[in-house]
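Which chain is which? They are A, B, C and D, in the order written, and residues in each are numbered from 1.
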Amino acid sequence: MATVSFTCDYCEGAHPSILEALARTNLIQEQGYGEDRFCRSAKEKIRAACGCPGAEIYFLVGGTQANSTIIDAMLRSYEGVIAVQTGHIAVHEAGAVEFSGHKVITLPQHFGKMDPEELESWLRGFHADETWPHMVYPGMVYISFPTEYGTIYTKAELGRIHGICKQYGIPLFIDGARLGYGLASPACDLTLPELAQLCDVFYIGGTKVGALCGEAVVFPRGNVPPHFFTTVKQHGALLAKGRLLGVQFDTLFTDDLYFKISRHAIDMAMLVKEHFKDRLYIDSPTNQQFPVLTAEELKALEGKVLYEVWEKLPDGRFVTRFATSWATTEEQVKLLVCGQYAV
Amino acid sequence: MATVSFTCDYCEGAHPSILEALARTNLIQEQGYGEDRFCRSAKEKIRAACGCPGAEIYFLVGGTQANSTIIDAMLRSYEGVIAVQTGHIAVHEAGAVEFSGHKVITLPQHFGKMDPEELESWLRGFHADETWPHMVYPGMVYISFPTEYGTIYTKAELGRIHGICKQYGIPLFIDGARLGYGLASPACDLTLPELAQLCDVFYIGGTKVGALCGEAVVFPRGNVPPHFFTTVKQHGALLAKGRLLGVQFDTLFTDDLYFKISRHAIDMAMLVKEHFKDRLYIDSPTNQQFPVLTAEELKALEGKVLYEVWEKLPDGRFVTRFATSWATTEEQVKLLVCGQYAV
Amino acid sequence: MATVSFTCDYCEGAHPSILEALARTNLIQEQGYGEDRFCRSAKEKIRAACGCPGAEIYFLVGGTQANSTIIDAMLRSYEGVIAVQTGHIAVHEAGAVEFSGHKVITLPQHFGKMDPEELESWLRGFHADETWPHMVYPGMVYISFPTEYGTIYTKAELGRIHGICKQYGIPLFIDGARLGYGLASPACDLTLPELAQLCDVFYIGGTKVGALCGEAVVFPRGNVPPHFFTTVKQHGALLAKGRLLGVQFDTLFTDDLYFKISRHAIDMAMLVKEHFKDRLYIDSPTNQQFPVLTAEELKALEGKVLYEVWEKLPDGRFVTRFATSWATTEEQVKLLVCGQYAV
Amino acid sequence: MATVSFTCDYCEGAHPSILEALARTNLIQEQGYGEDRFCRSAKEKIRAACGCPGAEIYFLVGGTQANSTIIDAMLRSYEGVIAVQTGHIAVHEAGAVEFSGHKVITLPQHFGKMDPEELESWLRGFHADETWPHMVYPGMVYISFPTEYGTIYTKAELGRIHGICKQYGIPLFIDGARLGYGLASPACDLTLPELAQLCDVFYIGGTKVGALCGEAVVFPRGNVPPHFFTTVKQHGALLAKGRLLGVQFDTLFTDDLYFKISRHAIDMAMLVKEHFKDRLYIDSPTNQQFPVLTAEELKALEGKVLYEVWEKLPDGRFVTRFATSWATTEEQVKLLVCGQYAV
């Protein structure tokens, strides 16, 4: 009886279609650095999926890399980026944004989300403060969709945040490391084309949604910063064999695969959510679920099910995280929810 | 009649054994960030191949990323790195080293190589100059093996450079993006274990030697900088699915594959070299060959063979680069050297 | 009837003794970059005043410069500095710390002060969190003395914070831009030698305490980071005519001048505090006082007295700041507290 | 018999008029950070002296600080600055430019000067190189006037360099740490207004030309980068008591003082040059002279005259530097050239 892991959404390799495509195209000679036919094809398909014919698209390898490269490219050197306190760039990227010289300015989080009114109030306060020239200028807003707590913004909330950004003349950046799992949620009232209209740059996460690696960075209205290719190289983020990313995204955006596998992960997550429904820390509509478990319950899972412990509550129970993914099988979920593995 | 490309050593995907291994291991659930069984196995095999049981090994995705992460991790903030003027970090990495705050101090190049005596003389001069506290302190020496011109250091030369580094208390770093092609050259008098003894950190290039991506960074005597994992993350260089790199290097270091495919590339390169023997710009013993061709000769290759133009000589001829790799076939070489494609 | 300014403690030039010393020594030829006799003499006097015969001392020009240079010199590249949310480095230095690549990790503030137990708890939590290698490593603690709100730490509090730092193996840095005004306060139970023992680096502020410019950075136990001179130069913080700083600090530390003028500023501040005693925002024992005034009271001061508005309270009143300094005269204070200028 | 020093042009304090002005204005209460009446007055006078009514002017404390702040403010993060190999930023600023993330791209030097045709050729070559997106983009040209070897550009040379910069759309920056000594040279065919027209930003050196400290940065056509004040603060380069710089430059630009004292320094330098005329390393028309002296001649000066040794020649002689300044007296020069101190 093997251990089943729900620790994260990057426990397996890639969707089999991707491995097949890599094998099929393997010996075709192509140029490096993203100038290959696979990247071109993938970009066309992504433009279509986003409804953005003028979008500029770049493929980077991972999330932290994408975040720090995009942020550094879009900010002037005296500017910082606004995020919530639990934003990935504020906590779990080892200071990659600061490494590029920029401050992460933090606002309170609400189940991982930024409150539009708090953002507006902060920006208004900044500009009203006479000492602002002594402070880091807010040059961008960063949000993640879904957030680190699995929550998502409604169309109205996203529109409000984007409107505030436009009012203050700063771009809105959406970290979409788990974008598929957000858009595929039944609770989501946004489509990919709508999301693309409501921000200035975002990326479509591949690493956590079926790929071996890769994030597709989309500048929806061709608003790519000058010399972005050079900035990518400068950040050590330019892949020599760009085809590796091109083939993967070309596959993910063929026959709606990206969304199909995302929906599957959500289906699996909803089974997990249902199982733990009376003890959820957060009402997450996406692939990450946060049951609150007792020490005894953790004990019962030992050696059978893997998950992450998020934090210990004052009452001695533990906030845990169970993540599903494109690779999670019904059988695995059943072991957790109704098999010998259940708690 | 298809075009044959010798433009670079990253025109194809990966060695078929790697694709097979990726497929075979695809659904095994594992931890992220390099903590998986494949990385562990690959590390053991690399330690054995290097004859360094105490080596610390990290897998990064690409060359520029590896260079800038290693250099930043090993330098103090006031230090710079010494390289030759044609060193990859000095020319073609978009200032990634400077991006991390460090100067690249350049010495003259000799067919891509650093002259040990010029290094020693420069270091002696630096320390004899009373104004040195106003200057960037030389904290590391960087060389590439093979160099950007395909040349390699002899054991004696490498030993001398390492000796100078030890005398001045600074580490020697070898960029091994094409390491296999250097060690497999008949002109090379160094083994991998010997090379590992004659430097303080180096990497075994995968991207150009059979992998989809990946460089194995080796600290041969366990001399990894403190918190290197965090530095890797900070540089956006930590791969979530570290298994992608682990599986690849595990395959490359099984049954001597890395060296077998390297030797094949060298065999192919020697056929190219022989073909152009009367018009070589540099006597390169590795997989990059630099024929000097006339405009007519370039014309004759048009639409048939791809290569890189390196520079135009005053006499109107062109220095070109033809690179072979693990994927180059005898048939491809024959088309160039004795088929309809020959010049 | 002239306007009187209490806006800050850098409204005037320098103490007359300093101008006299500059004039007296003006044409003596000396070496640059702090290698002059005046710097040497000043260092000796500061060592004596600190009771630290082995102290290493450097003179920098200003506070932000000193903060960012010291922090960058003492941190490794993957480390950040812990400060309270209102710490000067976290708010009003335009991201100078982030510019050098380091994150400012913020803790709650209590009238500008860091709570030792919150610090200990945060450090304990960081090391207990399994994801810490993905986070910025806490490499230093920064506090200001007095704080930005005029408050000071007791000997016990400072000892506790220093003890926690020692336990975690990280240095404690005290920003002493207004150090004299802290030590001269009747509420202060610390002497300069005691303070020097309870931290790892601090600076003695000159700009706000009688000098034209200048901060004396003290490494009390000779624990200066390697190549600190070069780091100072790299930060653009090395003054060619170091004598300008040497002469000033030599004067300030002759005949106890630094402390005499600090006590005078505190005497003046206590008159201001007494005047506003029924409407103080904070019970500040130093040269900055924070009366809460109504719009009418502000109106009454218009054109007569200058001060800073700190923030507007929900009840419509304003938190203001009145700062005294070495240059504040009894006549000026009298105009505020019992003359035509009073509110 | 005292030692006379020609080691540098910052051996003394300030011109007596400056000390008088500091004393006279000492207790006038003013705002900080350069918002004071003295800075305003100085800026007006500098605008008039430059013939640039729309110039934006900022006062920074020192040369390295000015260089690194200006360069970082005017470059985008992927850009570097072109300088000659002996340029101050390339050698003696401890990597301050690289610290801000930018590469210093070096061209050959000709007695400290950049050759316009070499610049043009390099820029043409860069843009013709297909690999340029992998390289640091040249975003600015830096020259010093006078150069580190005392040489100056003619109006034609400067015009040519500026023309090339305009052609390539990049700004020209002139480091004028010794600007007065260049403009006051009889060999100079440029006026200050002409120089201001032939570049995009420059600074008027105060530290070496009569001030205690200070460099006046001039954006001649109001072309200051956005939020430059914040960038100055971020670099730790904002002086709290900006008046210290304002009073000094106001004095230097009253009654032509800056040029009068510059001319005096040149007069003194020409006496030194005449004395060493048969053994000059470089034909310098400014305040730095470079006699080539034998070991015996150095011996004869021991304990009498101080100077700098620049380098040792293969024939055993030494290139030395003798610098005069506003403070050099005829008596001092006479001791060197015709007194007991002569060699």
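For this structure, a couple of remarks:
Just so we're on the same page, a contact is a pair of C-beta atoms (placed from the backbone, for glycine too) under 8 Å apart; a residue touches a chain by one contact, two chains touch by 3 or more.
Quick caveat: nothing in here was measured; it's all calculated off a predicted structure.
The chains that touch subunit A as well as subunit C are B, D.
For subunit A, the chain with the farthest CA centroid is D. For the pairs C-D and B-D, the count of C-beta pairs in contact is higher at C-D. Note on chain placement: the centre of subunit C and the centre of subunit D lie 33 Å apart, centres being C-alpha means. If you average the CA atoms of subunit A and of subunit D, the two centres end up 50 Å from each other. Separating the CA-averaged centres of subunit B and subunit D is a span of 42 Å.
The set of subunit A residues that touch two or more partner chains comprises 77-78, 93-95, 99-101, 133-136, 230-231, 233-234, 238.
Listing the residues of subunit D that touch subunit C in their complex gives 3-5, 7-8, 10-14, 16, 19, 22-23, 25-32, 61-69, 93-96, 99-100, 207-208, 212-213, 230-231, 233-241, 243-244, 306, 327.
Subunit C makes touch with subunit A in their complex at residues 77-78, 80, 91-95, 98-99, 101-104, 131, 133-136. Of all the residues in subunit B, the ones that touch subunit C in their complex are 72-73, 76-78, 100-101, 133-137, 226-227, 229-231, 233-234, 238.
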